[in-house]
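See structure below.
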Amino acid sequence: MWLDSANPQLNKNGELHHLLSLEGLPAGILRQILDTAESFVGVTQREVKKVPLLRGKAVFNLFFEPSTRTRTTFEIAAKRLSADVINLAINVSSQSKGETVLDTVANLSAMQADMFIVRHAASGAPYLIAKHVAPDIHVVNAGDGRHAHPTQGLLDMYTIRHYKGDFTKLRVAIVGDILHSRVARSQIHALSTLGCPEIRVIGPKTLLPAHVNRLGVQVHGDMRQGLKDVDVVMMLRLQNERMNGALLPSAQEFYKYYGLTEDKLALAKPDAIVLHPGPMNRGVEIDSSVADGRQSVILPQVTFGIAIRMAVMSILAGN
Amino acid sequence: MKIHIKSGRLIDPRHGVDAQRDVYIAAGKIVAIGEAPAGFSANRVIDAAGRVVCPGLVDLAVRLREPGYEYLATLETEMRAAIAGGVTSLACPPDTDPPLDEPGLVEMLKFSARNLNQAHLYPVGALTAGLKGKNLTEMAELRDAGCVAFSQAEAPFADTQVLMNALQYAATFGIPVWLRAQDPALARHGVAHEGEVATRLGLPAIPVMAETVALSTILLIARETGARIHIARISSAEAVAMVRDAKARGLPVTCDIGVHHLHLSEMDIGYFDPNCNLTPPLRSQRDRDALRGGLADGSIDALCSDHTPVDEDAKQLPFSEAEPGATGVELLLPLTLKWAAEEKRPLAAAIERITVKPAAILGIDAGHLGVGASADVCIFDPGCDWRIEPSALFSLGKNTPFSGYEMRGRVTHTLVSGNLVYEKKSN
Amino acid sequence: MPGNPLPDAESLLASLTDRMRSAVGPATGLVGIHTGGVWLAERLHAALGLKLPLGTLDVSFYRDDFSRKGLRRNVKSSDIPFDVDGCDVVIVDDVLHTGRTIRAALNELFDYGRPGRIRLAALVDRGGRELPIAADFTGAEIEASAGETIELTRDAAGRLALQLTRN
C-alpha cells in the first residue's frame, strides 16, 4: 500500500523525518521548529554566522522549478549549518529525455546525499521522492505545485509569534490567489494547528478553491469586510500569468478590489502587521506605501526565513 | 472435446438459475444442463464441487494496447490476464496508436485475437478519424469489419456539432455509440475530483459539472437523433440520477461504471497515490455510494474493469503527471463479489452486471449458459481468500490501487467456446 | 532520596566564589553554559560584582554527539552581550565530566571573536575526562562512576542542589 505510515513525514518515534507539509504535524513539532529557529536568529547576528552542526553533510538543492530566491535562502541556511550545498537546477530537457524524477533522485542518492531540498511544479512530487529515497535521507519540500510550502508557512508563523505572541487570540486574513497558492495552504494548516481561532480568506471566487471553507476558514469576497479588525494581514503573490485572462479581467481591477492599500489596511486593528512571501508585485496586490510602511514586517520575514530553514534542517538531520 | 462440469453451483442470471447443476459441453456449445445427454462421454470432467459455475464475464472496456503501445502491454499478455480473470468476451476501446478508425486495423486486430484463441474480442471503432473529434469515420464499413460500437474513448469532440452529426449518422445505420460524459473545457488540466481532497492537496480539479453538463448535452442530442447510446463510466451521484431519470422517461440509454469507482473515493488518493489517478476521477464518498446504489437498482446496467495497463515509468510520477488508469481485468470478478458481499446482494444479481447485462449492451449472444449457447464459462471458488500482489498479475500493467487488498473469490477455470483456456494452478 | 550522598551545592558555590574572587577583575567576562552553568554564573556574577554583563551559551549547535543523538528539544539562545575580542573570559559550568561540553563551548565562543584568555570554573569536577581539559576553579572534586549522572537543580526559591541518579 502507498506510504503505509499514518503520516509519511514522521518516523516511528513520531519525530520529524521529512518536512513535506504542515498539515497533520502536531503543534509540538511546529513549536519545536519555531523555538529552535529562535536560537538560530542569535547565530545570524554574530561575528561568525555559522555553526558546525551539519559539518560533512551534503544538502542537495533539487529545483525542478526555478526559484532563485527560495533556493538561495536554503543555501544560506545550509551553509550556516556548515553543510556542503550542491545546487541542481534540473532542466526540463533532461526530464523530457525520459529521465524521471526518480531516476534523478536515484543518481543523487548514489552521491551520498544526506538531504534533498525539493521544489517541483507538481503537487505531491516531494512525497514521491520521500517514498523512494534511502531511509537515512531527509526530504524538505521547498514548494510543490499548489500543495504546500511548509518552510514559508513556518517562517510566517515565526513572524506572527514574534510580533503577536499568542495565536489563540488572533484574527488572521489571507488575501489573494488562494486557489493556486501553496503558501496559503501551509499558512492555513499551521494557523489552525497553533490554535488561531479565526482565519479568513479573501479573494474573488475564481481564485478560491472549491470547499475551501472545509479547511476551517471564513470566506470573504469583499476585502473591506474581510479585513475588519484583523491582527494579521497575509498577502499572497499574484502570478503574472493570472493577471489578465479567464480568472481575472485585469491587474488594475484586482488592485482596486483586492490590493492592500492604506485605506483598506486602516480597517484592520491599528497594530495589525502585514506579511508577504515575496517577491511582491507593487501596485498589484500591495501598495508601496503599505509594503514599506510601519505595519509591514516583510523584511524581518526574510531574516526569520533563514533561521527557520536552519532549524528545520538541523532537526531533520538529527532525527 | 466433451467436458462435464460436475457438482458446481450454476448461476445463470439470464435463465434465473442458481442451483447445483452439472453442465455438459460438446463442440464448443452447452449441450445440456442438469442431466447428461444420452450417450455423452466426457473427455474431461471438471470437479466444480464448492465452486460457482457462471457465464464467462463480459468486460466492456479492456485496453490491450495493441496496436501502438506494445511496450505497455500486448494482446497476448492482456488476453491472458482476461481469461485468468474469467473474462471471455471483451470490448476494446479505439484509443490505440493508430486509433481504430480503419477497417484494416480492425480486421488485423480481430485476426490476431482469433489466432490466440482465447477471449472473444469486440473492437469498438473510433467515431472520428484519428479520434480527433472532427471528421466522422466510415462507421458502416468499420461495423462490417467487426466493430460492435463506436466511441471517442477519452478524446473530446471538436464541438457539439460533431457530436450531433456523429449521433445522426450512427442512428442512420442503427449503430450503437458509446460516450464518455466529460466536458473537456470544464475538466481541463484537472486530475482529481473537485472536492475537499483536491483542495487540500492542491491538485487541479475536475468538477462534477464537467460530467453533468456533458451528460445533459448527450441525452438531449440522443433524444433528438434517436441514436442508440451507451454512457461509459459515469462517476457522480448527479449523473446516476440523470441516467435514472432519462430511463424513466423512456430514453433507450444504458450506462456502465468502472469497478474501481465502486470501491474507491477521493479519500483513497491519500498522499498522492498515482495509482488513484483515474479517468474519470475518483469522486466523493457520497458519489461512490450513489454508484453502488445505482448498480443495485439497475440505473447502472453494467460494471467494467476499464482495464488500463500503465508501466512504472508513466505511473511513478507526481500525481498530476502520472498517466491515468488502472489495471483491472483480473480483478473485475473479485471486486464485483466484494461489492455484492458488502451490499448483501445475491450472487446472481452481481454476476448479472458483469455477464448478461454487458452482453446486451454489446449486442452479442453471450453472458448466459442456455443450451445451444457458446460454452464460455467461468468457474470460481467463492470462498478463496487471497491478497492482491501486483507482481503476480498476468497483465503487464501492475498499476492497481488495490495492491495488498484482501479479496474473496478467485477464478479457477475459464472456458472459451468449449476450450479450457485457463486453469488455476493449485498451490 | 534519603541522605543525599553529595555535598551541599550552596556551600560549594560559596567556596568557588572565594577561590575566584582574587582571580577576576573589572574586565572579566563571565559566560554560563545552559542550564546549570547559567544559574551558577548568575550567582557568581552578583557575588563577584562583575561589571561586564553576563553571557550565556547553549552549546547544542556545537555538540559532537549530534549525529548520534540529534538536536535536543528546548535549545536556548546563546547570548554574549560583551565584546569577546581580547576579553578575559571565564566559562562557568555545573559539572565537569568528559570535557566535551567545554570543547563545544570553546568552539562556540571563538565564533563570537578571539578572547584574550579563557578560564574554566566548575562547581563539581567528577573526573572521567575524555579530552585534555582542566578547570581553573572548582567547588569540589567528587568520585562518580560511569553509570551515574550528577545534575544541578534549582528550586522555586532559587536554592541550588546536586542530584545523583543511576541508570
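Annotations
Chains: A, B and C, in written order; residue numbering restarts at 1 for each.
FYI, a contact is a pair of C-beta atoms (placed from the backbone, for glycine too) under 8 Å apart; a residue touches a chain by one contact, two chains touch by 3 or more.
Note that this is a predicted model, so its numbers are computed, not measured.
Of all chains, the one whose Cα centroid sits at the greatest distance from that of subunit C is B. Put simply, the chain nearest the middle, going by average C-alpha positions, is A.
Centre to centre, using the average C-alpha position, subunit A and subunit B are separated by 44 Å.
With each centre defined as the average position of its C-alpha atoms, the distance from subunit B to subunit C rounds to 75 Å. A separation of 39 Å divides the Cα centre of subunit A from that of subunit C.
Contacts with at least two other chains are made by no residue of subunit C. Listed in rising order, the residues of subunit A touching subunit C in the complex are 15, 32, 35-36, 38-43, 46-48, 50-53, 314-315, 317-319. On the side of subunit A, the complex with subunit B involves touching residues 1-3, 8, 23, 98, 100-102, 120, 122-125, 127-128, 132, 144-148, 182, 185, 209-212, 214-215. Subunit B makes touch with subunit A in their complex at residues 194-196, 198-205, 207, 270-275, 313, 316-321, 403-404. Subunit C meets subunit A in the complex at residues 58, 60-62, 66-67, 69-71, 73-79, 84, 107-108, 110-113.
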